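Below is one structure; the comments refer to it alone.
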Amino acid sequence: MDLSVDRHPDHRRRGGGPVDQKGGCVMEPILKARGLVKRYGRVTALDECDFDLYPGEILAVIGDNGAGKSSLIKALSGAVRPDEGQIFLDGTEVHFGSPLEAREAGIETVYQNLALSPALSIADNMFLGREIRRPGFMGQYLRMLDHKAMGRIAREKLNDLGLLTIQNIDQPVETLSGGQRQGVAVARAAAFGSRVVIMDEPTAALGVKESRKVLELIQDVRSRGLPIVLISHNMPHVFEVADRIHVHRLGKRLCVIDPKLASMNDAVALMTGAKQPEASLMAA
Amino acid sequence: MASEARGPQGFETAIHTGPGTVAEFHHKRSAVSQIRHVLHQTPSIVPLLVLIVAIVVFGLILGGRFFSAYALTLILQQVAITGIVGAAQSLVVLTAGIDLSVGAIMVLTSVVMGQFTFRYGLPPFFAVACGIGVGALIGYINGFLVARVKLPPFIVTLGMWQIVLATNFLYSANETIRAQDIETKAPLLQIFGETVRVGGAVLTYGAIMMLVIVFALAYVLRQTAWGRHVYAVGDDPLAAELAGVQVKRVLISVYVCAGVICALAGWALIGRLGSVSPTSGQFENINSITAVVIGGISLFGGRGSILGMLFGALIVGVFSLGLGMYGTDPQWTYLLIGILIIAAVAVDQWIRKAAA
Amino acid sequence: ADVSACLITKTDTNPFFVKMKEGASEEAKKLGVQLKTYAGKVDGDNESQVAAIETCIADHAKGILIAASDTKAIVPSVKKARDAGILVIALDTPLDPIDAADATFATDNMKAGELIGQWAKATVGDKADDAKIAMLDLAVSQPSVGVLRDQGFLQGFGIDLGDPKKWGDETDPRVVGHEVTAGNEEGGRKAMETLLAKDSGINLVYTINEPAAAGAYQALKAVGMQDGVTIVSVDGGCPGVQNVQEGVIGATSQQYPLKMASLGIEAIAKFAEDGSKPQPTEGKSFFDTGVQLVTDKPVDGVESIDTKEGLKLCWG
Amino acid sequence: MDLSVDRHPDHRRRGGGPVDQKGGCVMEPILKARGLVKRYGRVTALDECDFDLYPGEILAVIGDNGAGKSSLIKALSGAVRPDEGQIFLDGTEVHFGSPLEAREAGIETVYQNLALSPALSIADNMFLGREIRRPGFMGQYLRMLDHKAMGRIAREKLNDLGLLTIQNIDQPVETLSGGQRQGVAVARAAAFGSRVVIMDEPTAALGVKESRKVLELIQDVRSRGLPIVLISHNMPHVFEVADRIHVHRLGKRLCVIDPKLASMNDAVALMTGAKQPEASLMAA
Amino acid sequence: MASEARGPQGFETAIHTGPGTVAEFHHKRSAVSQIRHVLHQTPSIVPLLVLIVAIVVFGLILGGRFFSAYALTLILQQVAITGIVGAAQSLVVLTAGIDLSVGAIMVLTSVVMGQFTFRYGLPPFFAVACGIGVGALIGYINGFLVARVKLPPFIVTLGMWQIVLATNFLYSANETIRAQDIETKAPLLQIFGETVRVGGAVLTYGAIMMLVIVFALAYVLRQTAWGRHVYAVGDDPLAAELAGVQVKRVLISVYVCAGVICALAGWALIGRLGSVSPTSGQFENINSITAVVIGGISLFGGRGSILGMLFGALIVGVFSLGLGMYGTDPQWTYLLIGILIIAAVAVDQWIRKAAA
């Protein structure tokens, strides 16, 4: 059943994107997990789950509701401590005790519930936990924040995402519409991710146009060389941007397919259990 | 204009051939996890266990004196007031509120019952009805401010506490009505002080009323629509409103109900003290909250059972009587009850976490 | 009236202080003194009294009558008031040191306790050696009145006090235990029940005041022991004296808050007029407003008045 | 600009569905709104908005994030009191003071945030506010609930939706996955709606398969003769099931288009403002 | 296998031709809504206005006696303790907690400072340090139980209140240390009672310390990362955790900080009373919560400013002094403060609603 990529180290990657461009033969995954287990009381959300993300790729993760996708993401980003299993970043094992530790290692995540503080301003939210201090005495000794610099940078990042309509960078996040909030969360991750960017259903609440903006942003981030993990239930979106597709089922990785070889039909059949994995669809 | 083909998108055809199940997981059920599951499902079991352990431990230490029908029913008598007020508090806490004014309402209503009888010479029956009416009115004001004006319950009842207590002192002029006067002129006021003896066991009508109120509320909360609505409002008022619960009406009814129960506690208080004393009951807000908390009702609303509150009140009762009989300095009792509060909740939390 | 005075009591919920206030108000009206009253929230609430003194200073009061919650801790504030030229009279409870106030109109709480202690000892007579005594005190914080009355009672009864500045350190087996009552019926009943459960042979009950005694009586009545047990108390309020008359309480030490208050107001009025300060009772460091034992069962060697007399003198 | 149906009472409806079958010429809307205005502080969420729902049809409402779709729905279902404007049910004006009143008038709604009580059981949630009492003395005088009957009915309704995997109808809703919760909310509305069923993004968090189930359920409900209002950002879904499409823009109804005449492209262009409404796309 | 065309779906092409804006609405800005908006943005303005109105009204009624530099600075002195404790309370309330043990910590630390000096003969400087250490320790225990064991703050501090108070009585043996003794042997303990006079104005170092603490905390909360994290934790702890805030550490630091501030309040208390009195401060938990609430800090966390708390404390101070000078019965004062609490929050709610 487990036909995932690590069983075939000798195959050449056939996917598009920057991975191929580098033409590496035995490329090391930048983020790798083996045998992750996470139980919530009587529910096993992750059941010996494996995961591989290669440098510069967009990896989509698809699966039924409740398959354990968000749980996997949370384990990878330090939001949840797996009961068993190992996680490797660039080949060395890591143990993230908190989301902050993962973030400091360069893994930036957009969670399904956004993780924004409603009463804080947009700028405060974007820089939460990585505030910029003023230069000189005020910053050094009185630890004063540089609100101006943070506001400027936040605005730039939002503009990149086409969220021009936000008039006031100091307005509390709670005054934004659902779509605008999602935009802030995505902009934050895209702006600060240095190794890996993970996005859990970033377009679920977004309109057609706003979704498109996010997809463009994802491709943008990838073109900066950063690999991205994208969870989505939207097959056309997944097949449009993904280099490889991780199919999650019943708490584990069922297989990894290549969107250029497999059809949406195949993907849906695999994730719902209508079909067993076949070698011909697999990503290398 | 050209329109796209209607009907399911191509990739969705696979769905109907798949197995009929969505993600499912293997459920382990070891003996330990079973127990934890049960504990988790019926949160009032934990305080019940603590209660039993406490009784057994004190019984072992103190021997027959403690383990007698008299001492055990004495505990019931001693917690009767806290238990009744705790029932009112439980209702409010289940709606994610808190009522700091319960003790003050209780005292004021007992004073009203007494003064209406003795100052104005009204028939005791009518005075009691007035007392209950006053309780309901204060409850209504609390409920109105919480539900309609949307003020936080903590603040409304903090203010109301001061207002009611001050009113109590101003109205009663701090005058106690003596037990002997009540006995001769208005025995109805003392009715809940009457005792029923069965062997060594001594039960007052007040203790019996507490049990009746608690069990009646337990029934109402579990078995009637209103009870379910109370839980729903405490759980998520917005969702409850959208799902068709009349949140404001439920909230107001809860506070009115709490006010009425406090008034009954005021009546029972006269029975317990014999006299009407405006300085009583100043700690019933803390006592009732302690009972509610030890009984495992969540201060965030929507979770817990009123039976838990009863056990919580009894636990405190067992500790204070037990420690008192053991001869502990009252200050040490005070300290131990503080530790008990924290420990009880820590145990509760541990079970919830383990069985989550 | 341009003479203004302040009355600061420990609480304004205890009937004792309520009556004290009424007495002061009446006298003030008679003498044309403008009276303002302040009180702590509970017995022992020192800060409210400090704030009250400050308010009186700001208000340019001529004199302050204070029943201090913490007799030592209030002293610096009292000094400030005196420095501002205000006459400060301690009521009910002497300050520590006693000369911190210009004058003291007080009951001797220790003496009040001793009187009921002596009476109790004489009443139980031979059985004093195997008496079982329940002590129903005021509060865990052991405010001074509570300690003085408690220790006075034990001294009068002839029990070794240990440290006379606190209760609870006695080793005499005749003391069954101490419980706190908050000075009201509710606390009195619960404390009595607890001590009864501890030892059902209790035959003598000391109570901090008459409401606590009434509560204790209810507890005894509930188990049918009301006739075999003697209750003693302190205060001498009218309901209390009535209870003595009806046999609920054996004896009580009566105090005279109205007298303290009216004397205090008079003194302030006089001070405002000619600057003279009241003098203490001869042989004592304070003006003793007196304490008398009220009982219908007088015993030899302890001076007492009967309840008829007591009801004439009682305060509310 | 306002080319909506009430300006053309003489046109025949060209849409499919039961409305056409009845062939009525001047059919009265079952739910109608005129000039709705709702302001949130400085934001005008509804700006003189009109609305028409005809008997037996599926009306989709589409629009940008923050266009005011949810606000419209809330006004129609009594969850929010509009500042101005009128609502008509079957031609008579109604004033819903609470969601309960709308529900009692037969309007059942699935809100975007689901409106479930996490700590209550599935059955309790489904029957919240319309509990079934026991027959006889217990129910009449002691107001005892009939937990058994409610459990049975709840299970039936969930089975209709294919949510067979819920093992225990008495388990608290908080133990369900996001998808299962959405299923419970949809089942509740479908089971109890007697005049109109409104669904605000019912498939946003759902997987491919679960979404399909909901779409089938919607068509099922329509075939029982109930009209449905469906808000969705998913164009393929909208064009698949809708009889008419209400395009919402800047707080008002821009136009109503016929999915058989207009393309998805037109719809997206209209809702984003790239195109002005044209008569040729309009539903009658 | 055939694969679908990649790239945007057909219907999405229209997007790029549309205008570059998403939904936007016309913003009305009448004068009234402007004012409401300002009030909404800076929540501490409301209590400030109430404060000014209260001062003016009492000034008009009572005249020069009240409207003097002496009386006005007296208010500052009188609220100094509540203000300092309120600063600690504000920190905790901003994290959506509540600290019922503040008053008890304050008293115990003052007793520790006094007893360490007089019972053990330690140098006053060292005794003060020990007192502050005790405050920090109790705060740490509170914080640990809240952050790590995940118990509700209300319960932790309810239990801790009883524990600390009982410890205080047991340890101090209810003994007051007299002002004269402190004055001669350890004047350091009384330092915050020293006064600075400017004209008729009399400021104690204690009042100055309160102002310093409040303004320093206002700076820290607004201008430093830690301050922003406190707000984030109170707002939504889960979101804050995911966004990279070390929630547990922030929580613990907040409680420790609150403990230290309470210890400073204990030191200031010695200055204010002159003596060390173990029965003081029993109402500081209610007083500080009242100040926080009237000052507009939300009990649900994450909203409000510490300056508001200061104004809240001052409002209560103005009312107590004003009503006291007017000669109102203390019970009427309590009653009015009760009404004031509810009214203050109702006004706040009205503004929030109007400007939502």
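We call the chains A, B, C, D and E, going by the order they appear; numbering starts again at 1 in every chain.
One rule holds for everything that comes next: a contact is a pair of C-beta atoms (placed from the backbone, for glycine too) under 8 Å apart; a residue touches a chain by one contact, two chains touch by 3 or more.
Protein identities per chain, from UniProt: A, D = Sugar ABC transporter ATP-binding protein; B, E = ABC transporter permease.
No experiment lies behind these values; they were computed from the predicted model shown.
Steps from chain A to chain C, minimised over paths through touching chains, total 2. Note: the chain lying farthest from chain D is C, by mean C-alpha position. Computed centre separation for the pair chain C/chain D is 74 angstrom, with centres defined by C-alpha atoms.
Taking the mean of the C-alpha atoms as each chain's centre, chain A and chain E sit 41 Å apart.
Computed from the mean C-alpha positions, the centre of chain A lies at a distance of 47 Å from the centre of chain B. Within chain E, the positions touching two or more other chains are listed as 4, 9-12, 15, 18, 21-24, 166, 169, 329, 331.
Under the contact definition stated at the top, the residues of chain D that touch 2 or more other chains are 63-67, 177, 179, 207-210, 235-236, 263-264, 266, 268, 272. Across the assembly, chain C contributes residues 12, 140 that each touch 2 or more other chains. Across the complex, chain E is touched by residues 12, 34-39, 41-42, 44-48, 50-52, 54-55, 58-60, 69-73, 75-77, 96, 140-143, 147, 165-166 of chain C.
Here chain E touches chain A in the complex through residues 1-4, 6-9, 11-12, 15, 18, 20-24, 219, 223-226, 228-229, 231-232, 235-236, 238-246, 302-303, going by the rule given at the top. Within the complex formed with chain B, the chain E residues making contact are 4, 10-11, 145, 149-152, 154-156, 158-163, 165-167, 169-170, 286, 289-290, 293, 299-300, 329, 331-332, 334-335, 337-342, 345-346, 349, 353. Contact residues of chain D toward chain B in the complex are 79, 98-100, 103, 109, 111, 113-120, 124-125, 128-131, 133, 142-145, 162, 164-165, 177, 179, 207-210, 212, 215, 236, 239-240, 259-264, 266, 280-281. Of all residues in chain D, only 63-67, 175, 177-180, 201, 204-211, 233-235, 268, 271-272 touch chain A in the complex they form.
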